[in-house]
Amino acid sequence: MKIGRQEERSSAISTSNAETIVVRGRDLTRELVGVVSFTEHFWLLVTGSMPSPAQRRMLDATLVAIAEHGLVPSVQASRMTLAAAPEALQGAVAAGILGCGSVVLGSSEAAGRLFAAIEARSAAGADLEAAASTVVREYRDAKSAIPGYGHPLHGGGDPRAARLLELAAETGVAGRHVAIATLVERLLPGLLGRPLVLNVSGAIPAALLDAGYPLSGLKGVPLLARTAGLIAHLVEEQQRAIGFVMSHAAARAIGYDGEAPPGFKPSDEA
Amino acid sequence: MKIGRQEERSSAISTSNAETIVVRGRDLTRELVGVVSFTEHFWLLVTGSMPSPAQRRMLDATLVAIAEHGLVPSVQASRMTLAAAPEALQGAVAAGILGCGSVVLGSSEAAGRLFAAIEARSAAGADLEAAASTVVREYRDAKSAIPGYGHPLHGGGDPRAARLLELAAETGVAGRHVAIATLVERLLPGLLGRPLVLNVSGAIPAALLDAGYPLSGLKGVPLLARTAGLIAHLVEEQQRAIGFVMSHAAARAIGYDGEAPPGFKPSDEA
Amino acid sequence: MKIGRQEERSSAISTSNAETIVVRGRDLTRELVGVVSFTEHFWLLVTGSMPSPAQRRMLDATLVAIAEHGLVPSVQASRMTLAAAPEALQGAVAAGILGCGSVVLGSSEAAGRLFAAIEARSAAGADLEAAASTVVREYRDAKSAIPGYGHPLHGGGDPRAARLLELAAETGVAGRHVAIATLVERLLPGLLGRPLVLNVSGAIPAALLDAGYPLSGLKGVPLLARTAGLIAHLVEEQQRAIGFVMSHAAARAIGYDGEAPPGFKPSDEA
Amino acid sequence: MKIGRQEERSSAISTSNAETIVVRGRDLTRELVGVVSFTEHFWLLVTGSMPSPAQRRMLDATLVAIAEHGLVPSVQASRMTLAAAPEALQGAVAAGILGCGSVVLGSSEAAGRLFAAIEARSAAGADLEAAASTVVREYRDAKSAIPGYGHPLHGGGDPRAARLLELAAETGVAGRHVAIATLVERLLPGLLGRPLVLNVSGAIPAALLDAGYPLSGLKGVPLLARTAGLIAHLVEEQQRAIGFVMSHAAARAIGYDGEAPPGFKPSDEA
């Protein structure tokens, strides 16, 4: 059945005939394979044009920064899934990607929207500090977390955020969004009553939006990067099976507090 | 409960403390972010060591070659999923990745296993052509497709395969597996009674195995590459919604041939 | 690392020892298997207590009503995924489930939240019609769709909605939420300037909330029901492969309007 | 592009017009909603005809038996995914379903294929015991696990298997496949040198194949059943967040044995 509006009937990403594959207007095998890096290709795919060296360097840096951070929940879900379903590596990757959500890795895009909202209000005439304070107060009053700030392990400062801002300055891409990201970090203690450091999910959109990467593609950066980390973990899982070991430890950490039939004796083994 | 053997209790990919994130033995922010490309980082994550320039170039070329080929089934599934569930980009990426299976994109790994089987038999003393013929006959007799050969659109030759083999020669990585891949293509008409061209999923493992990339990580290459293509399609889907348009056309292509209650009149609109 | 608050350390759903599996306080094999229906078991799993006959009948009716509606986008995504990755039925089911999102099937829960908001405002002292009008106006002013109303095919009335409300009356569960659902349908022409019929995703929460099923479990009803439909389609796909046929038709419906290299001739075949 | 053979162009599951939805030849709202149970509807969807009372009872029993068994890996993956991505319940369900693979829950179908292979060999003239011994020896020689036998917790006998066979006898469906399942259990000590009990994934196909349920739909039974269990866990996770607690415990169970930069001190906190 016809669902939704159906006005759009074309795509501008790729076409092909028997001899030639066209990607974003280029002949894939003559102009891209062996010529551009995967990072340049990703920028081209998403935006339709080739990145400048500074843009490429900034995108490489963010992808490298966010690709891997040990046995986080999404990696665990992915390795447990491979242990249970070794016939489908793609299923284990998918299970890991599904954990890149609003709480853990999707905050890059949410932070990008925060910065864009501050920028929009400032472009409409407000002083930048006033614009930032107003928007942050709206988040606070709606009891929303401030995306891009705070970290469970790196409470004293996320080393990846510092490094990305350093690179943004070094490559000359740093602009309005980096300024907003730093300003918000400075304002937060006054607005929330406690300091919250800029984290990697705040630094990524600040640097990439300044570099000209589109807001609508921001969530794709942690997703692509983590896919690389997940694949490394799944290659390791095939050699060192720890999926079920983690699952066993996780189950033992949780008690059962429901009812039980008369005479039921809990197992020593969770 | 304790499922499976539980001998392994460690991982060698990443660890961290409050100040430092370690990835494959390196300080992530000092030694990797801003220093290595995403492709080098992926090789490091999977193998534990940095690639040589030739290895990096070959990996870049394979990732670029396989990232995008238009509105293939996995891209359609992904765009339809975003249209139906726009709140979760990660779900749409996952739906697309789930279609990278044995028939469509997973054949890189399967072709790698084919070449490895021929290489193993040859290393055990057989003449390479005899080894290849024997292994291909086993596939044929088991009525298995020969992974890495044939293409629905590029029947006269997959331009990506040709380009990847050219690069393998140019970078000097071409060796035993490229020789096997080409040999099999030459033998197929005699063994199967019809020619089947080497496709991109055959050229990728040939080039990468010769470059020293591990067999167990082969399926990760199309998975990572297609994630980049999927993200580009999902960014476009947010601006040009064609997910439901494709679904409408797909439904109209299929008739209903089950029973119907008396008096039921089919809709003009599928 | 420690993410989020970690106060909860127990679950009340199931425990076991070597001889006995306990589910919601019952001995699974003695008290449930062969004794209760799957629908009763689902209600028990979600709520912790057994349903009354009226509750069971209402839950059965909603699950049957929403399980299947032909080649909708999620079914297409699922069948295409199986065609591409036949080694993993679970992956094809997962791809289909991922399309049960806010636009297509998740609206049951969203409609439940709409009704609950009206009920809350009314419980706080407002006249029910005033409460409904206020809440619907808020949705309209925020340019949000009114969840549970309107249907692309059944614009004259969704036959499943009518039948579910009929059953809610017949079983005696119909109460406050059914009244609200009907009231909103009556008010919509005046508030939106055009009629919108109550659809199945509006009738499900109305009937189930009145039956005592929890709001937080509402999205589980279409998810469980569609899983049944998806499995039927995947069994059929194994016998009648239409996944790639649908994909071919879908691709042909979409043109390419990007640039192309000089001399590139589009394929006759999309 | 045209992938695969494209001979099939119809489906027999559902069609509809503006007034009527047809499912397997029935008018959904008049003949099914409020009339049949969800379990009967599932049988109808998969097979095209309504189950007898014995068939319905056997399908109910298997679905109830396999729906829930505590904090198993797939449930953990699902709850961790919801914790990280609470905006998409469907993603968390999908992540759990992806863990229903060949090792953990998909063995129902694999056991069904084992029984069918024995039955086929016996139908071809062999004595049943000889047929069973031959097939089991083939699995053993290929170093394949015997699907449907053995359990990490219920080594002395899986109580669900016993109960399902009891019901198969009671309902009169028990036949050839139940006989084979019991025979294999009796032969295993002699063939493998150690006893392995029939588990729930062996009892399900034995009972359902005898009841007339199709082999190609067997994997759908644990998939549908576990979806019910997953939904219950996700409703609980929204009230009692243990996803990150499990993840924290799982991470602490695994050490890091890779290299580290000079001076790096591991965190006390994994």
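We just call them A, B, C and D in the order they show up, numbering each chain from 1.
Keep this in mind: contacts are C-beta pairs under 8 Å (C-beta built on N, C-alpha and C of every residue); 3 or more make two chains touch, one makes a residue touch a chain.
This structure is a prediction, so every number in the text was calculated from the model and none was measured.
What chain is the most remote from chain C, judged by the mean position of CA atoms in each chain?
So the farthest one, by centre of C-alpha atoms, is B.
Please state whether A-C or A-B has more C-beta contact pairs across its interface.
Answer to which pair has more contacts is A-B.
State, to the nearest whole Å, the distance from the C-alpha centre of chain A to the C-alpha centre of chain C.
28
Between chain A and chain D, what distance separates the C-alpha centroids? Give it in angstrom.
Computed value for the inter-centroid distance: 34 Å.
Using the average of all C-alpha atoms in each chain as its centre, how far is it in Å between chain A and chain B?
23
Check each residue of chain B and list the ones that touch at least two other chains.
Expected reply: 1-4, 9-18, 20, 30, 70-73, 83, 85, 87-88, 90-91, 94-95, 98-101, 103-104, 106, 153, 242, 244-245, 247-248, 251, 253-254, 256, 267, 269-270.
Which category does the touching pattern between chains fall into here: line, ring, star, complete, or other?
Complete.
Looking at the complex, which residues from chain A come into contact with chain B?
Residues 1-6, 8-21, 23, 28-30, 32-34, 36-39, 41-42, 45-46, 57, 59-61, 63-65, 67-71, 83, 88-91, 93-95, 97-101, 106, 109, 153-156, 159-160, 162-164, 166-167, 170, 214, 216-217, 219-220, 223-225, 227-229, 231-236, 238-242, 244-245, 247-248, 251, 269-270.
With touch defined as at the start, can you tell me which chain D residues reach chain B in the complex?
That would be residues 1-4, 9-18, 20, 22, 24-27, 31, 48, 70, 72-73, 85, 87-88, 90-91, 94, 103-104, 152-153, 253-261, 264-267 of chain D.
Per the contact definition, I'd like the list of chain D residues that touch chain A in the complex.
These residues of chain D touch chain A: 1, 16, 70-74, 76-77, 80-81, 83-88, 91-92, 94-95, 98-106, 153, 242-254, 256, 267, 269-270.
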